[in-house]
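In the two complexes that follow, chain A is the common piece, with chain B as its partner first and chain C second.
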Partner chain A sequence: MNHAETPAIRIDGMTVRYGRRVAVDTASLTVPRGSVYALLGRNGAGKSSLVRCALGQQRATSGNTEVLGEDSWKHRTRLMERIGVVAEDADAPPEMRVQQLADFCASLYSRFDTKAFDARLDRFGIAKQTRFGDLSKGQKKQVSLALALATTPELIVLDDPTLGLDVVARKSLFDEVIAELADRGTTVFLTTHDLTGVEHIADRVAIMNDGRIVLEEELETLKARFRRIRFAAQPVALDAASFRTALVRNWGAGTEAIVSNYDDLAFERLRSNATIQSADVSAMSLEEIFIAVAGEKQ
Partner chain B sequence: MFDINPTDAAPIWRQIEEGMRRMITLGALKPGDTVPSVRDLAQQLRVNPNTVARAYQRLTEHGVFAVRRGEGTFVADEPSQPKRSERNEVLRDASNRYASAAISVGATIGDAVDELNTSYDRLVREHRRKA
Partner chain C sequence: MSHVLAIARRDLAERTSVFIAAAVLAVLPFVLPAVPGVRAFSYTDVVTTVGAIVAIGFTLGLALVLGVTMIGRDLSEKRMSFYFSKPLSASAIWFGKLIAAIVTLVVCFVVLFFPSYLAGTTSWQRSWNLELPVAFAIVGGAALVLLLFGHVFGTMFRSKSPLVALDVALMAGAALAIAAIIRPLLEGFAGDLITRVAFTLFAALMLILLACGAWQLAHGRADRRQNHYALSRFVWVSLAIVLVVAGLFTAWVVNVSPSDLKTVNVSQPEEGSWSFVFGQAKHRMDYHALFLYDLASGKSMRLHGIRSWFSSGLSRDGRTVAYLQLPDYRAMEGELYTVQPGTSGESVDTQIAVSRYSEFVLSDDGARLAVIDGNGLLTAYELASKKALASVRVPNTARTMRRLFFVSPELLRIYIQSPQFPTMKVAEHGVDIYEFDVRARSLAHTGQLRTDAKHLGLAVSADGKRALMVADRDSSATARIVDARTGQLIAEAPAEGLMHTTLLADGSIATLKKDASMQWTLNTGGKQIPVGKSTQLFFARELAGGRLVLNGASNLVVVDYVHGAVLRTDFDSAMTSFSYPQWYAADPRRSVADASQPLAVHQKGVLYAMQPLSGEKKEMFRF
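Then we have the complex of A and B:
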């Protein structure tokens, strides 16, 4: 099999049930090799269940999940050699020193790169003799990332890596990820609430809502098609422009609409409508798009 | 250097391309100067290195950058200016957006042109200072 051509992750129709509750509902997604892929969703949207199944920590009720070309459940043991994971609650026995943790991982992973690990700890400013229990939350994440990257993985999975971190710790974590991308082109799959942090580095995003993948595409395409439009007229004026709207609401005496298929010509048609005195269009950040798509119950 | 604006309608690689061209036009980067490595610029702007690489590739294809094997990437000896048609298209695009914003806040054409002059002068001044 040609590894370069199989995607890093391919999930096809994954469903995860807990009793009668459906946590993941026929979700499908593809993470291309070498990409930075962000899975977004509110708490309880089903991200964690999906990630656990992709990592072979849990078996999906149905569907196919391949990671690096192999079935993520059947071949979970040998896949772990090739994947680096930073869990949401990076944990280790509190008495263990960072050095002991590194020794332990080095004994498990044949490819463990001690030099790279030491260099990262230096950049993070963490002493190897520190007890894990004495590290701050941000430092625990940093140690966890350094351990994960030291195994020179083909794929790195970050489950909400910046949750609970301050601005400085967040920045240094993203800096390491960017350096890793530049040096080795590792595929990165992450879930996050930190949309501003991820906006500059993600190639591709998916939005999960109530267990379903409601949107999956290149970030650039997504940002090109979403726009906020405000105009001084009633919402009915939108009919002339054939826009699909994610949200329409009153804005002063006029209307605010978030459209998901923006194009300049359609906007000109809207603006040339005789009943409209003024109309304005603005680009949206990923966070604004996310709120429009997943923020309000439809 | 320059900043990346996430709410700009232009994709990040285009903002990088534009930023580099601006620095060259204004003399902050001169012909023959080494340009920052993809890794360094990605770290500095905190963006995906692939995005920087994409902008650099376009700049190289358009003869703005020159790659010397084993030595790195440089500003070309005679960095090419965009073609007239290309330049006009960029200007038309940007002025449509600007005119739309000006009209929507009720600015006169005079006010809009004054603001444009101020911005143009400020950018030139800032880059000259850094050059």
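Then we have the complex of A and C:
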């Protein structure tokens, strides 16, 4: 497998246990190079544990993890030269000024782009002499992102980057990521439950629930196969058309079903064969798909 | 290395407030003398004393705080991922932070200490009585210990993991293991070796603690509990290896036989063939070992007691040995043990606790034991039942030499001899004689002796009836034969020094005298027996049948004093006996050895059992 074919991240059967609690349960996923990969999950789903293990910050109980073709536990130090990370909680020392942070990072990365960092800070409107601890939550994330992007990484990992941010800060952060993608085609791996924000930039998603990866595919494919079908009457025998239902529930006097393998021809066959008075098919947003897959089970 | 320095610089940049605090505190010693109540003291004394106290206190306190926080705080506040999301190795993070902490401590100490020190260098030297480099080494060493222990305890306790309970248990186990490693060396008087072992253990521990941070971060990384687990695993496994090696070393050190000794001293009683062999072991620095050694068979028994000639003894029948076992060589008090040499019996703890400066003797049959301590408290014990039979306080025992023996199982005679040590000038010496009736629990003052001397020697005949008191004045000596119970004078005659005068079995005196040409003559019972030329010669022991063994630096002579004949001479044989008149043994009685008993002699690093009459030698072991 040559360099281009090597996935940016390949996780195979990762399990993370904290005592008796299983945080990540035999998770496997592959992040292709140049993709924007969103790992979705509710709080406590195991996303951050998976990210920390993927970055070699924590040892998984079992499983293999390769990042940019190398074992991320064994070769973390070397790999971090090529990876930009924005942690879930801004983890820079609060006493350090933004300029000191930049200087510190510049001394560690051979490719640290000071001009790009300064330009981003200007765009965010953050003064370099401000102590990191005095920044707002959104500003901390912006500084962390500016530092991560200034290292000109091949892969950027964003762990719930919009958590606790207002709409403006969220947009500003995603704009920077989009610009980075446009400029350099950097691979982006992010975990989030901000589905509206990520829907516009992600091209591949995985959904994590109770430590398990319950779904992983191209976003367009995912959106194409998930449909909400509302029937005026109930019950409806959806399995007659070989539809897999992610969710079936009452909807007024009728039935609402979310199917995960929607097909126009199959639906037409169902409508023609069954005595269905009225059925309304609608596309679903990523958030709706996520709620159907991960939300209702909670 | 650049990453190490980057981390160190980062941590140091955070500590500006600490440096400012140190600078502010450095002013305190100069302000304090202005405070009412302090003005009465010398300005420079106050400045230097307070300056040193503040500098040391601040530095040590800061060392502990830095130790607890330098890794532990980042872990507990979940900020370690900041470092691990960058191309920084665990070693760079640890050593960078460690260097920053050490630099912080050094800078703070210098800022706090030097202004006050420079204000009164003479006063400082007078107050602290320490060379500056020594003082720095002590403070620096203490600070490093606090820093590293602070880090370990900080990581353990901040993890809030139940593993802490195991750590505490292992700490206790390690302390017990160290005690188990050191204690046998303490019993072997190995002060230098203990210092070396203790220093090595300490250095190994410091190396473990220096390395543990890097290991901890390499294996625990950003996770608090995994850090604790990695740290504990590294510390305890490394320490276990060190302790096992140290334990094996101690086991090797203590596993000595008489042939492992490089210096040998033999204390040989007249009865039986068992002797005490004591010496320093080969390749073990100053480790010493004590054995009971059978000159007839070469069998030996290891005793964990202290030196034979002042704290152990054989009963007159040669069957029972009592010896003092101290918990360590510096201990002032220990317990008496008894053992029957030549039997399969183990040493028996009599549970009699005695001071190392107490005197004790066994009854002739070994069934009873009497102990007199420095305060004159005399107690007789029955060994079989481990019971104290009777006690009494013997008066006027301060700064005296206490000597005693069982006249019979129910009667003890005590000689309180003063002063305790030879004097520089000729002065009056006295011996008070007491008898203690064990059954009646009554003490009687039966007599006393007075004489002028520099050295006073007192010996009692084997039957306990006559005593010889030699007043040695260096230039002249006088010998008195007295009643051993009352001190009443029987005869008085000029004598030689203590090593050249002895009391014979028949109650008469023998002296050795040399002329200007180094020719020695034995004088006894009116006979003058020439024994040959030697630079040195003294009485070694008396054999049954009226024979005397004389010994010098390299000469051995056996004389039949009854018939006035020299039976054997081994001049210039480099053969030396270990026997000599024990003027200061707890039991003052002289005894006569069976002529068939082998005599312990050494020649060119070999211990021999020699038949004194035939000169036949049997090699026992080399040392």
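Here is the rule we go by: the second predicted complex is superposed on the first by the 290 of 298 C-alpha atoms of A that agree within 3 Å, B and C clash if a C-alpha of one lies under 4 Å from a C-alpha of the other, contacts with A are read in each partner's own complex, and residues count from 1 in each chain.
The working rule: contacts are C-beta pairs under 8 Å (C-beta built on N, C-alpha and C of every residue); 3 or more make two chains touch, one makes a residue touch a chain.
The structure displayed is predicted, hence computed values, not measured ones.
Participant: Is A:D175 contacted by the first partner chain B, the second partner chain C, both or neither?
Facilitator: It touches chain B, and chain C stays clear.
Participant: Per the contact definition in the header, classify A:A92: touching chain B only (first), chain C only (second), both, or neither.
Facilitator: A:A92: touches chain C, not chain B.
Participant: Once the shared chain is lined up, is A:D183 touching chain B (first), chain C (second), both, or neither of them?
Facilitator: The first partner, chain B, only.
Participant: Using the superposition on A, tell me which residues of chain A are in contact with chain B and, in the other complex, with chain C.
Facilitator: Touching chain B and chain C on chain A: no residues.
Participant: Where on chain C is chain A touching in the complex?
Facilitator: Contacts found on chain C: 2-3, 6, 9-10, 13-14, 78-82, 84-89, 219, 221-223, 225-226.
Participant: State the interface residues of chain A toward chain C in the complex, per the touch definition above.
Facilitator: Touch residues, chain A against chain C: 18, 52, 55-59, 76-81, 83, 85, 87, 89, 91-93, 95-96, 100, 104-105, 107-109.
Participant: Name, in rising order, each residue of chain A that touches chain B in their complex.
Facilitator: 34, 36, 171, 174-175, 178-179, 181-183, 196, 199-203, 220, 223-224, 230, 264, 271, 278-286, 288
Participant: Considering the complex alone, what residue numbers of chain B touch chain A?
Facilitator: Listed in rising order, the residues are 4, 6-9, 11-12, 38-39, 42-43, 45-50, 96, 100-101, 103-104, 106.
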